[in-house]
Amino acid sequence: MIPASHIMIFSMILFTVGMLGVLTRRNAIIVLMGIELMLNSANINFIAFSRQLGDMAGQIFGIFTIVVAAGEVAVGLAIIIALFRNKDTINIDEIDIMKG
Amino acid sequence: MEASAIVFYTLASMAVVSAVMVVTRRSAVHAALFLVLTFFCVAGIYIVLSAEFLAAVQVLVYAGGVMVLYLFVIMLVPLQARPLKPPVRHVAGSLLLAGLLAASLISYFWNATPSATAREMGYPPAGGGNIEAVGMELYRRYLLPFEIASVTLLVAMIGAVVLARKKV
Amino acid sequence: MEFDAAKYLQDSQFIIAELLLCFFAFIILIVSAILPKEARRSIAWLSLFGTTCVVPSVAWIAWQLKGDAARPVFFGDVAVDGLAFFFKLIFLVGALLTILISIRYMDIERAQAGEYYALIMIATASMMFMATALSLLMIFIALETMALSIYILVGFLKENRKSNEAALKYFVLGGFSTAIFLYGSSLVYGATGSIQLSEIAVRAVPGAPGVEIAVLGLILITVALGFKVAAVPFHMYIPDAYEGAPTAITAFISTASKAAAFVVALRVLLAGFPGLHEYWAPLVALMAAASMTLGNVAAILQDNMKRMLAYSSIAHAGYTLMGVLVAGMPGATGQFGLKAVAVYMMVYTFMNIGAFAMVIMLRRENLVGDQVADFSGLARRSPLAAFAMLLFLLSLAGIPPLAGFMGKWYLFGAAIKGHYAWLAVLAVVNSAISLYYYLRVVVCMYLREPLTDEPYNTSPALTAALAIAAGMTLLIGIMPERFLRLASFSYTLMMAAAPG
Amino acid sequence: MFQGLLSLICYVPLAGALLILFFPKDSKKGIAYFATAVAAIDFAISLPLFLQWDTSLAGFDQRTFERFDWIPSIGAQYVFGLDGISVLFVMLTTLLGLISVLSSWSAITERVKEYYIFLLVLQTGMLGVFMSLDFFLFYVFWEVMLVPMYFLIGIWGGANKLYAAIKFFLYTLFGSVLMLLGILAVYFYYGAQTGVYTFDYTQLVTLGADPEFFELSKWIFWAFFIGFAIKVPMFPFHTWLPDAHTEAPTAGSVILAGVLLKMGTYGFVRFNLPMLPEASRLYAPYMLALAVVGIIYGALVAMVQRDWKKLVAYSSVSHLGFCMLGVFALNVNGLNGGILQMINHGLSTGALFLIVGIVYERRHTRMISEYGGLSKQMPVFAAIFMIITMSSIGLPALNGFIGEFTILAGAFQIPSTVALSFMGWSVGGKFWAVCGVSGIVLGAAYMLWLYQRTMFGGLDNPENLKMTDCNTREVIYLVPLVACCFWIGLYPKPFFRILEKPVARLVEQVGGGRTGYAHLAAPGPAPAPANDPRAVE
Amino acid sequence: MAGLLWLIPVLPALGFVVNGLLGTRLSKKAVSVVACGVVLASFVLSALAVGQLAGMDQGARYMENRLAAWIPAVDAGGSSPGLTLDWLFVLDPLSAVMILIVTGVGLLIHIYSIGYMWEETGYWRYFAYLNLFMAMMLTLVLGGSFAVMFVGWEGVGLCSYLLIGYFYWKTDCADAGRKAFITNRIGDLAFVVGTLALFAAFGTLEFRPILASVAVGQGSTFLLTAVALCLFGGACGKSAQIPLYVWLPDAMAGPTPVSALIHAATMVTAGVYMVCRLSPLFLAAPAALAVVAIVGAATALFAATIGLAQNDIKKVLAYSTVSQLGYMFLAAGVGAFSAAIFHLTTHAFFKALLFLGSGAVIHALHHEQDMLKMGGLKGRLPVTYKVFLCGWLAICGIVPFAGFFSKDEILWRAFVWSPAIWAVAAVTAVLTAFYMTRLMGLTFWSPSRMDHHAEEHLHEVGPSMKWPLVALAVLSVVGGFLSVPSALGGDLMPFTMERWLEPVFEPATYAALLHGEVGGAEAAAAEAPQAPHAEHGAALEYGLMALALVLAALTMRFGYGFYKDGLDRAAAVRRRFSAAYDLLKNKYWVDEIYDAAVIQSFYRLCRAALTFDVRVVDGAVHLVRNLTVGSSYLSVFWDTWVVDGMVNLTGRSIRRASGLLRRLQTGLTQSYASAMVFGLFVLICVYMYVS
């Protein structure tokens, strides 16, 4: 069987990679993808623990995570579109009229 | 090593590699495709972990719904008009930060009591198949969150409509 | 676990407020689809009516509680207790005032829409769920519903670049924090085997197996909550989001949404991790100290009123975190801390919405009016409004006999009572600093000549909101007893409610 | 017989301010007359307090007591009450309130309505501070008066008004929030000890006899110290004062110097000494040192001021140093003198600011060099100014002397053990008094030089030829002050009679005995005060 | 009568009130009547009171009038003597002498002033001040406690200030007034310290109890010496002794009658009076008494030398006054208190006379005070000349004029105490004779040096000025017989001041007050320090007397010869000793030295304090503010360097940082996210540190 720690480390790597995406990519859409990756990594944890504990709560949590993630993507992409209409860019580096 | 373990490690490494591809590909389309691949791998891992229903949801929602949405938007927004090259130094800094965080987390896991982390995977929750179990839980015990989730989706819907349509 | 439909329905009476809000939100959505564009303003009044209808239902819960102790319903997912009741009232007040100040504002911004009010109401409903949530799942889903609504509301002025930008920043960072929260929750779940706060509380105690992982989860959750309450260093989005959002929404998120975040923080930390107080206390103390200092210091240089208030809200979050910190202590001290947070959130709602309402008053057809300088000569042109703003500002600075002082009194008292003298000293020094930038506005209002003679944007609703906010700021300051009694309800926090 | 009188006195100005709201903006005269009437009524109804005061009471006069529950949740009550000490301050406030309103008639021509509203609200705040016997209420009033004062300086002040106003507000707020922490600490300690959470002064003051309170009280002492010392202001917290005094309009300066500063010294007398007796004794040498430094330093800086008002402001630093010297002598003479000197300073420095105001109104400059030879032009003014100058420098038969002399008598009774030691050198005992005495020379030096530069010499500046002597109104508001100066100077007995018992009890509370340092001889808790059926303990 | 003592000072005070409040509306005549009337009444009252006092037994001559409580006794739990002050007026032989001098000489000067001041503006103001001065001076001498005395003490200082600055529009008058007041205040500083030290030691401020305690030996010598020195410091200020004498010559800027009354006859003698009043205290502190003697002698000599070279007629008299006051202190210092008071009395007569006489000259010459522009007035102002002559003879100590008796008494007692002091005193006497003769010569005898205009308008004094002069001249002539020394048969006289004053200066008198407590007047007397009584070595005394007389007479003769024909001889001498002359002419540059050493450094100190206040104390406040505002910029720093720097790491961010310094936030979403991650990292580290 697979030790839980391995799954945790795997999920953590995924989490870190997703985070890197959020931190480094200039394309707002890819930033969004990074967030999706992070959410997925959390989900892996939930499923793994659910299995380990023999408890359904984790899986249920996972389902809700997916639902929320879907909702977030919808809203996020809508925001990006609205922004693109106004600014003609989705480069997150160029979105800085407010600062200071 | 068991078969399931072999499958897990394979899928896990694939997922990690494709996740790295997601965050490093210059083209958003490529990134999206690698994201789909990652999701598939994760769905496989769900199956290994006996969460078949979740794996199905993962594939349906992510690979089916979310990905289409992504691709729609990517097509809508002419991304290639401008090169989007992440500055190397920025990446290095982020890597350092993420590395630091990862290191601290890993040191954490090592230091943590074995019981919590090194436990072998247990058995799937009892009572019928996974789908049935999920269904029973979801619609009885977790009915209220489920209802709220419907509101969540409604909000997302309103949001998409309000923000994406051209005029108020 | 047996499912009993009758009990389920019976339990539903305790979420009647949330249900009503959602119900009215749906009605509004439908009506707004039917109504012609010109008549959309009436939707606002409908939403106002709907929200007002909810107030009795919340009061009804309080009445229910009177003879009965606090109890968990919905399998221990939902709390029916004083804390929830009190915060629900705060959310409702916040929502009502927000709707009142929105009506004319959205006209000026040319963004009058039914969805706007529906989203406010849904957000309010989710906040109520947050206030009652007793499991990580409930918290997560309610939090996300609220967050999604607010992302949309922040970006509601689609044609306004600042609004777009604010929405994107808020969304990206909010998503980021959601992920962190989720990851933390998964670790807590793994370490304790449960997502119910009451069970977590039993298992997450020092020395328990796997508690380190639980602590790590707790830290991650704390970060996410710190993001929601705008604590340093998770505050960075606040100034931009506040500046870019429609002003009414800024008022809403700075009060109701922040109160919701605090109530969740209280639930998680007090109901979920009371045993780990020694671990999270230093973190919260650190965040509190950093927030109040950075918030106040950074506000000094701001010329944009909304941004200044944003930084001030960071500072206020810092003060309030002192209350959270002390609330985690056992016995009367903890109760005092809890009450401090409750009282503070109440007074903060009135005074902060009042301040933003003034910014709305300065928003004219062709004048953004969110600069500090725009307040010039207010006292000359509209002495009553200037006086109201003076009340809000002084109250924010914590000058008696205004509401803000009562709040500060409780928070500082909590810090002293909890033996966090250093934090108390830092807090009082900070509140002196804060006066510096609040006075800048006062100086503009009273000592400078008006910049334009364009008439102010007033409407009966806005005036009513201002009057309510100012009146309450004064009333809570001078005759606080009733309000404090109300806040005492929050004592009945369910510390370890078993699943029912 | 005084039932409800205190509240009436306290809120009459506030009610007046609210009524002024309904006056039309343009009826400047009407507003001024009305405000004057309000202040006069306030003064008139406060007179019985003084005239019918029962001097046999050591504690608070039950006849004046008003006690209601206010915020039962936190144990805050609405408690008003007076003892012999506070009644003097209440009288001072109502008197100076009336005078400052009178002095504003012609000085204020812009935003008249707001001006009188702020002035009257300010008076309510100040009266509340002296009347309230509930810590919470006290703090509320303490802060309330900051706001109108801020506006008085900020709107009607001189050239640098904004800076001065903000500095005043921030500085004093900084002090008072630290004091708030001290209040909270007392409150929680008392609550933890007794189970009763209350702000009631009469209960909290019993902590003074609690030996276990000592450790905490050392911290609380400093918290209170900062709050009060900034208000007093003691060196080195005084720098807000010259700015605020200088920039404030005349009435503001009068109130500021006459009453506001007294709130700091009053705080020391009312709270630090009886509630934190051991800490007060422990830190007395530091307080004395700061007081003495203040006396000399204030005088030195006043010496070289070119600005008339600034000079008077710095003289306040010096005079308040005297008050603090008396208070922390911790004996009967010192305290009697200290408290009386607070009143004296209110009268004479108040009058000095009025005097500056009179010439400022005519010439719109405060620079001393602009004046000279005014005696010729303004003989009545010159005579009054001379009397007030003499009062300020402590000429016998005028009030300043009584205060200073009594303070110094007390200071000479400070035992030599009350000293600061530094690297084997020990400074203390009579040293404080001797340093204090030097203040009277310096005081004469700067005040007389001021007088000479402004009133004597030739009328060189043609502008000054246009100056007119005091008009009737100005004489009317100056004469009561002059009369009071003579009254206290020649026959201060009524004042000492009122102070006698309260001060005796205070000395007992703070550690008693002839020198105020009885603990040095015989350690032990202070004896319980004698039971006086009419006094509220 | 005792019950009416308070009226003596209050009557002139009444005059002050009437003239002060109504002066502008009264005619000059009415003002004069009021002013002189109250003083006359006061004088009569004093005379009656003294008469009653004289009727008592010699040892029991004491009246007290406890008027009312001033600072009441306060109850302090029984254990603590609070400060208690009563309005206490006391008449004993010493104050009797003083009130007669004050009211008598004061009355004459009031009358004189009518004529002298008639033309001046603010006539009423002058008389109001003068009346106030009388009130205060009488309070000073009648006061039975330090506090009441201090009222008068400060009050006369105030009046002196007001009267010196009477011509306030003249800068030098105003300056002189302020100088007088502040110099006096420096003395008062010492006085107050001494007073309060006595209070701290004895718990009271009344003279009798304190002196009684001292007389029976209470109080350590150190304390008493310190107190005595402090009190003498006060006396130095008031009575213009080294080092505080500098104000008196400048005080001559005031009207001349004022100089006569305040700066010659009465106020300046208050210090002498005080030392004598406290004689038992000083006797118990011999070291302090020695200081008094030495300072007195030094001042006498010092001032006399300066007087040699002054050309302003009033300045000469002023230095003469300082010198004579030194004489009095010398007398008190050697224990001859009654001699001091006697000299005080005679000095009051002849110096008032001289001042008023000089006033007459000045008046006649239209306010010309420079003697170099006078001369030849002998024939032009016969009355003035004659009275001046009396004064001259009196001050030079020629038999039988007043000065002879008082001065010889002092010289003799000084010789007994220490021949060196005697030598100084004798030299002073010679110098006095010389400069007074010089004054006479330059003013009256030498040929006229007046300008034409002055000569034309020269006029002799009117009646109101004349009669006071005559009266004082008479007193100067016969005043000496008030206290004829025993050696000259004083014991045969029905009255000598020495006998009259004896009980006051006898410590045993005070010790007896306490006998009930201490047990036996004899025991008390035995304990008490004895007032020194000079042993009469008759031959020696006669010898010294003759020597002094001869020396004075020779000097006067020489001076007459020297100046009678003009200034040529003097000019020759002056050229020859120009350095010495300059030194004296410029008063040893003491004013300049004071200015440089004391006043300028004081101002430097003040300015330093101001700078300190603005830079350091206020600077600290500003620093805090700047730090706060600065750290507001700093948080940009934090964001750009730490947050962004973590991301960007290198030089680019440094360049950007300087550009972004004014910005709090980068506005970049990802740096915000980085901040969050960093925060998370910090929190984890904190946790690890905590656990």
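Order of writing sets the chain letters: A, B, C, D and E. Residues in each chain are counted from 1.
By our rule, a residue touches a chain if its C-beta (ideal position, glycine included) is under 8 Å from a C-beta of that chain, and two chains touch if they have at least 3 such contacts.
Treat the numbers as computed from the prediction; the structure is a model and nothing was measured.
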item: Shared chain contacts [chain A and chain B, defined touch]; value: C, E
item: Centroid-based (C-alpha) most distant chain relative to chain E; value: B
item: Selected interface, B-C versus D-E, where C-beta contact pairs are more numerous; value: D-E
item: Most centrally placed chain, judged by C-alpha centres; value: D
item: Separation of chain A from chain C, taking each centre as the mean of its C-alpha atoms, in whole Å; value: 26
item: Whole-Å gap separating chain C and chain D, where each centre is the average of the chain's CA atoms; value: 43
item: Distance from the mean Cα position of chain D to that of chain A, given in whole angstrom; value: 65
item: Separation of mean Cα positions, chain E and chain B [Å, integer]; value: 99
item: Contacts with 2+ other chains: residues of chain B; value: 90, 94, 97-98, 101, 105, 108-109, 116-117, 141-142, 145, 149, 152, 155-156, 159, 162-163
item: Chain A: positions in contact with at least two other chains; value: 4, 8, 18-19, 22-24, 31-32, 43, 48, 52-53, 55, 57, 60, 64, 68, 71-72, 75, 78-80, 82, 85, 92, 95-100
item: Sequence positions of chain E contacting 2 or more other chains; value: 647, 664-665, 667, 669-670, 673-674, 677-678, 680, 684
item: Complete list of chain pairs which touch one another; value: A-B, A-C, A-E, B-C, B-E, C-D, C-E, D-E
item: List of chain E residues in touch with chain A within their complex; value: 647, 662-670, 673-674, 677
item: Interfacial residue positions of chain A with respect to chain C in the complex; value: 4, 8, 11, 15, 18-19, 22, 28, 31-32, 35, 38-39, 41-43, 45-46, 48-49, 52-53, 55, 57-58, 60-61, 64-65, 68, 71-72, 75-76, 78-80, 82-83, 85-87, 92, 95-100
item: Residue ranges of chain A in contact with chain E within the complex; value: 19, 22-24, 31, 92-93, 95-100
item: Of all residues in chain E, those that touch chain B in their complex; value: 645-650, 652, 670, 674, 677-678, 680-681, 684-685, 688
item: Residue numbers on chain E that touch chain C, as the complex places them; value: 628-629, 631-633, 635, 639, 664-665, 667, 669, 671-673, 675-676, 678-680, 682-684, 686-687, 690-691
